[in-house]
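First chain A sits with chain B, and in the next complex the same chain sits with chain C.
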Partner chain A sequence: MRYFVKRVVHAAVTLVSVTTITFALFRLMPGNPAQAMRAQFEADMEAGGGTADPEVLDAMVEQHIGFNPDQPWYIQYVEYLRDIILYQDFGQSYFYNEAVFDILFTAMPWSIFISVYGLALGYTTNILLGAAMAYKEGSRFDNYATVLATFLNSVPYYVGAILFLAFFGYELGLFPTGGRYNTDLQTGLNVRFMASISYHAVLPVMSSFIVGFGGGALSMRGNSIRILGEDYLRVARLRGISSTRIATRYVARNAILPLYTQMMIGIATVFSSSVLLEFIFTYPGVGWYTYDAVMRRDYPLLMGSFLFFTIVTLIGILIAEFTYGLVDPRIGSGDHSESY
Partner chain B sequence: MTRTETELEITRDDSSSHDVILEVRDVDVTFDMERGTSRVLDGVRFDVHRDEMLGIVGESGSGKSMFASALLNAVVDPGQTSGEIIYHPPDGEPVDVLSLSEFQLERFRWEEISMVFQGAMSSFNPTMKIGEHFEETIRAHGEDIEERMEHGWQLLADLYLDPGRVFDSYPHELSGGMKQRTLIALSLILEPKVLVMDEPTAALDLLMQRSIMSLLGNLQEEYDLTIVFITHDLPLVAGLADRLAVMYAFEFVEYGPSEQVIRDATHPYTRALLKSVPSVDASLEDMHPIEGESPDPVNAPSGCSYHPRCPLATVECVQADPDYHEVSEERGAACFHWEQSGDEIEYALGVDPDEFPESTAAFESEEETVVSLDDVDVHFEQAGLIDELFGKESVVRAVNDVSIELRENEVVALVGESGCGKTTLGKTVIGLQEPTDGSVSYRDQDIWEAKAGGGDYEFDDIRRALQIVHQDPGSSLNSSRTVRASLSAPLKRWRPDLGPSDRETVIYNLLKRVGMKPPEDYAARFPHQLSGGEKQRVVLVRALLMSPDLILADEAVSALDVSLRVEMMDLMLDLQELFDTSYLFISHDFSNARYLTEKSDGRIGIMYLGNLVEIGPAQEIISDPKHPYTKVLRWATPPLDPDEAKEANATDPPIREIDIPDPTDPPSGCPFQTRCPDAREVCTREVPELQCTEGAARVACFREDDDHEYWASEPIESDTVSLETESEAD
Partner chain C sequence: MSHTNESGFETDEQLTDEQLFGHLAEDDTVSLSRRERFERILDAYFLAPGRVAWDDWRTRIGILVVTLFVFFGTIGPRLVTPPATNQAPNNLQPFDGGVAALWEEGGWIDIGVDHQLSMGPISVPGIDIRYPLGADNYGTPIGRNLIHATPDMLEMVVAGAIVSVGLAAIFGITAGYKGGKTDEFLMYITDIVMTMPGLPLLIVIVAIWSPRQAWLIGVVLAIDAWPGLARALRSQVLTLREESYVEASRTMGLPSRTILARDISPQLMPYILINFANAGRQVVFGSVALYFLGVLPLTTANWGIMMDTAYSEAHALVNLSNFYQIFWPMAAVVVLSFGLILFAQGMDRVFNPRIRARHAKKVGSDEEQIN
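Entry: the complex of A and B
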């Protein structure tokens, strides 16, 4: 129990620090976005022939970045934290003129949909391929698969995504080149709509699959080979335990353990990669909005998605920590050792 | 191995006088390696009798583990096994284990012959409960689950374990000793006829080893088992096994009833081995290492494989491989000269206990004190910030109020079970571990004060004067530096006046001195090109090059082969005279501690749960232990002499509980009171101090004080355990 409390406290500390850093980056740096923006507006207005009324300027800047620049920084900071924690108010997107929270909240399921499928697919393939490589250690299959895994591991996912798009989307025309679903269809729980969603998701999922693929297969291979040399495996064979049970209950079970944490932390990689992936596939998820926010200097939205990625990563790591005890009994409540 | 038909007949006839359960005939195990074929079992011919306990003794690399694997036809790939191993079931036709199909083998193993491996720690799947291991085994052999599980329940209870709790535990929740006993139960779950045990107790504490050995005896009687017990530790099996077989260089060199083999060994190797094994009762003058090295399995010497090391070797031995010569009806020795061996290589078992001289000289030594500890505590906090918030305190008292003085040219050995704090105390002595309370002084200068910048001695000088030799020589040498580079480092640092050629001379001289000849050759080698004993010598030399006043030798000989230990300890004592240094020798093994200290008139200190419970001259501690815990340790160290061993086996351990209490929650009063057979009510309240006794030793026990209220106190009511009871260890 103490362990859980400790972990949650760690996560909370991390979250607050990230929020603080975000805040500091936007507010306290000399020549920060707020000042830059103010200067920009002033120049714009003067160029337009009007006079820059400081109050109007302040109001405009506040609308853009969500703060009142006249208040001392610590009050801004407290208000900023208060809004986020108490009201889930991340501010107002100035471009969409909508609450940042609402924008991200509607976009989130789409990103999760793409990422989770990509991740699940990637890791399943990794585990199966890695185990197969370990069983056939030193064979021709093992050698080729190692080369393939190393190759895929070193191809950046966005290169893969662009190649997918160019080849399957434009060259062959097999898959749509953008969007989340066919907008002509009636939305809701009908078969054609669902099919359209899956159809549109194929390329992004495939690209996101590449993110999680490769390295995992190689470490699964290494883990399995190590387990195959363990004493308990030899004893189990002598006891006459069937080879399927040995493969699943003994080798796979123990070899997956170190991969588990890696996978949970991998969630963060997949989400952060979604920024480029969703942009490439014009797939309006959180990543797409983030990219959009950068391009349009929509600071509230940008800060919102930054926090969103942090929270997702923290939740992923927390889930990994809390469920690790279930997966590996040796960790137990984590009170004694954390050797994994 | 050459032999004629008639000889084969003789052995067959000979063995027929006994009910034979396993006949091993001409078994070879070979591995194809890049540099040739490695023959790790070489034409082994042997019979195992029904219902006997057979002890197989050999040094590491003698092929004894291969023999165990071959009995189950379980030699790991790419090993090739050839020959015949005939198993005679109680009823039914004999079968050749080596020609069974894979499917038949799956039935045969565990149902007829099962095995307990060396590493009990890693013999269970860490992600599966113990109960599941039992169930899956039963299911895999298609037996009735309920009936068998009940048998398993009974077995665990026989081994003094709580079956319900054990079945419901994960492997990591059991202590080493518990795991080992559970593994024994798991191997007996299908009621096999033969149990092969490969070094089952090697990783355990002495006390646990002895307890498991006694339990094995009980199990054997109860379930009509044939036990093949393989070990490197001759005294451990000597008292318990019915027959002994000695392995050397991939074959048996001698076998026979254990008492006869120990008393009057005929093979020169057995005799040499008996002389080289440190034990608590053999006389020191008789202990000698075996010269030379075990042969390489790739090119074993022609003829008798022992001839390069044998003092009796003749031309005949080089040319022909000797066959077993019948010593008596049940004994054989593979040696041409077995009749002369008795006169040529002498050894004696046991010394009369009253023979030892009244020497207290060492204790009253006038030598100057090098390091002294004054009321030293070392406590480790295990709790973090959060724990403190929750008000839970868990402090491990690794060292508790210990005072000790180490004089010049003195050897002090610290003995105790694992986790008793002996290593922590050792590190405190040489200034590696800062005490949480009390002071550590080097020549009357507080070490930690010196580190802070005060005092007469520079901290660097103190650091140089106090050196350490670790248990594992392999990991304390940099694997990418040559011996020369490793040994030059301390010289460059502490003797900047020496030039490169002077350094070389110093190093060569020392290497020669420790028997590594030619030194030029050895100096150029990397650690992986050295044997374990050679590595340990290099480490020792490196420590000595700093000309230290004190060397902490932490289990320095435990990782070495039995026959090398005496040699290493002799070398340590030899170099002590040369370099004028003291040793603090840490060991869990009474026999090693005894050898080193008794030979140098040193002292032995006994540690228990962070407390020094007894300290005194070696001879007095060994022959007249006073503290009840010292008596227990003494009981757990088996004597070599067959009569004494038998006597020791017959007595129950003088202890009430086998497991050490949780160090974060030590018992009140005397730390040993929970296990002490003589504990009385006052022991649970008061902590005994070290006090003087009639001899030269000092003991922390109320029983030494005739006037203490102990004698009027009520004895603690408890069941006297026949062997042990379980405690809440985890």
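Entry: the complex of A and C
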């Protein structure tokens, strides 16, 4: 239980720290976005023929970025933090003129959908391929698979995405080249709509798979080979335990452990890859809005999507940590070694 | 001076300690001349690792790719004309003329006595190569573009790798050795940076700061690359800190700084070097991604910019006859990162004592002298 509490506290502290960093980027830098935005509003109002009233300007800026630029920074900071954590108020998008939270909240499930499938498929392949390579260690299959895995590891996911899009999307016309679903269909829980969603998701998920795949197969192979040489496996064999049981209970479980930690680190990578993937596939998720926000200099939306990514990653890592006990029963009993 | 005379030296010259003790010790061990010693050192530190590395075709490819990258990053641009628009016909296809160009006049390659290839100060007679990789919609030769983007990439990779490996070493080694509160605090920072999704963070930083110099972009990209390595280094140190010689240094009351620098870091050097290549790869991936998205100012040359141009201006994905324009920079990224991975794996093999032991026999008669 202490383990879980500790994890949650850790996640909360991380969230506050990241929010602080965003605030610092937002506020404390020379020529910061808040000032830029104020200047923008002023120009807009003067272009419209009106005179810019400083108080009105401040109010507008405050509405968009979540704090009043004229107050001392610590009050701004507290307000900013309070808005985000208590009221889920991420400010207002400059371009869409909508609450950032609403824009991103509707876009978020799509990003998670793609990323989670990519991650799950990638790691399943890692485990299966790595185990097969270790089982056939030294064989021709092992050699070829190792080289192949190394090569796939050196193909960046966006290169994979571009190749998929060009050949499966445009050349062969097998899959749609953009969007989340066929807009002609009636949205809702009907079969055709669901089918359209999965159909549109095939290429992004395939590209996201490359991210999840990474070097995992090779490390799974290494782990399995190391464990195959352990004494307790000899003992298990001598005790006459069936080889299926040895493979699943003794080898796989121990070999997956390091991979599981690697996956927790990988969650952040998979979510951040969605910026490029959604840009390439014109798939309006959080990543696409991030790109859009940079291009339009829409800072509230940009900062909001950064925070969204962090929150999603934090939740993902928390889930992974909570389920870690399923793979490793020893959690929480970590020994505290002497400090020097 | 008397003892030098006893040992048979007739000259009055002052002898160095090395000669003196080398001579005195002659009776019970084999003497080593300076040249022999030099050869031994050369063998142990350069030739043996070189042989181990060269023995494996994968490492050979890795070394080759990395060498080529460094070559194109330093000397390449001096040999190749800087790219400009309208140097080549617009939309020139790669390997124009196909295989037939080998024996026919025109096309991408010409062989014959009346041709010569001039690359900067060097000229090679008998062969001429013209825009083998084709040209983009404005007639800029792609090959020249690729080569002239390399120096900036090299600068970025080196700066990024140094900063990320350095940060990781400082955080990881200190945290692992010190333990306790220091460890907790440093790992807490590492975890926060690791949790923040890399690409969005980079985009936010770059959007606000817009770094212009290549090395600065490398440093920014390092932010994303160091935490994983710091964690890995920490776990390595956790096993090293219990070693008896570290314990001995601690008992003697040496400051942590000295222990970390003298006892622990040398053991980690191979690991750090291997990760240098990996960090470099991450910087390449990151910089190309950011340039491809178009969020960085176009102040340096980069393969990502070429990809962006091909994607958004030549519509290389929709119009597949232009696909070669996006293919070459992508191929460059893949080849470079494949080379870096193979290089890192090869170095791993070189530093692995079990594999080196097999080669030790080739170097000298006595294994102990080689280490």
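We adopt the following convention: the second predicted complex is superposed on the first by the 299 of 340 C-alpha atoms of A that agree within 3 Å, B and C clash if a C-alpha of one lies under 4 Å from a C-alpha of the other, contacts with A are read in each partner's own complex, and residues count from 1 in each chain.
One rule holds for everything that comes next: a contact is a pair of C-beta atoms (placed from the backbone, for glycine too) under 8 Å apart; a residue touches a chain by one contact, two chains touch by 3 or more.
Remember, predicted model here, so these are calculated numbers, not experimental data.
Enquirer: After superposition on the shared chain, which partner residues are touched by A:G240: those of chain B (first), chain C (second), both, or neither?
Expert: First partner only.
Enquirer: In the overlay, answer first, second, both or neither for which of chain B and chain C A:R192 touches.
Expert: The answer is neither, since A:R192 touches no partner chain.
Enquirer: Is A:R82 contacted by the first partner chain B, the second partner chain C, both or neither?
Expert: After superposition on chain A, A:R82 lies in contact with neither partner.
Enquirer: Under the stated touch criterion, name the partner, chain B or chain C, that contacts more residues in chain A.
Expert: C
Enquirer: Just checking: does A:R253 make contact with chain B only, chain C only, both, or neither of them? Give me first, second, both or neither.
Expert: After superposition on chain A, A:R253 lies in contact with chain B alone.
Enquirer: Looking at the overlay, does A:D328 come into contact with chain B only (first), chain C only (second), both, or neither?
Expert: The answer is first: A:D328 touches chain B but not chain C.
Enquirer: Which residues of chain C touch chain A once you look at their complex with the stated criterion?
Expert: 58, 177-183, 188, 191-192, 194-201, 203-205, 207-209, 228, 231, 238, 241, 250, 256, 281, 285, 288-289, 292-295, 307, 311, 316-318, 320, 323, 326, 330, 333-334, 337-338, 340-342, 345
Enquirer: For chain A, which residues count as touching chain C in their complex?
Expert: Contact set of chain A toward chain C: 10, 13-14, 17-18, 21-22, 25, 29, 32-33, 147, 150-151, 153-156, 158-159, 162-163, 165-166, 169-171, 265, 268-269, 271-273, 275-276, 279, 287, 290-291, 294-295, 297, 302-303, 305-306, 309-310, 313-314, 317, 337-340.
Enquirer: Enumerate the contact residues on chain A facing chain B in the complex.
Expert: 2, 5-6, 9, 230-232, 234-236, 238-242, 245, 249-250, 253-254, 257, 327-330
Enquirer: In their shared complex, at which residues does chain B touch chain A?
Expert: 72, 74, 76, 106-107, 109-110, 114-115, 117, 119, 122-128, 136-137, 140-141, 170, 172, 186, 384, 386-387, 390, 392
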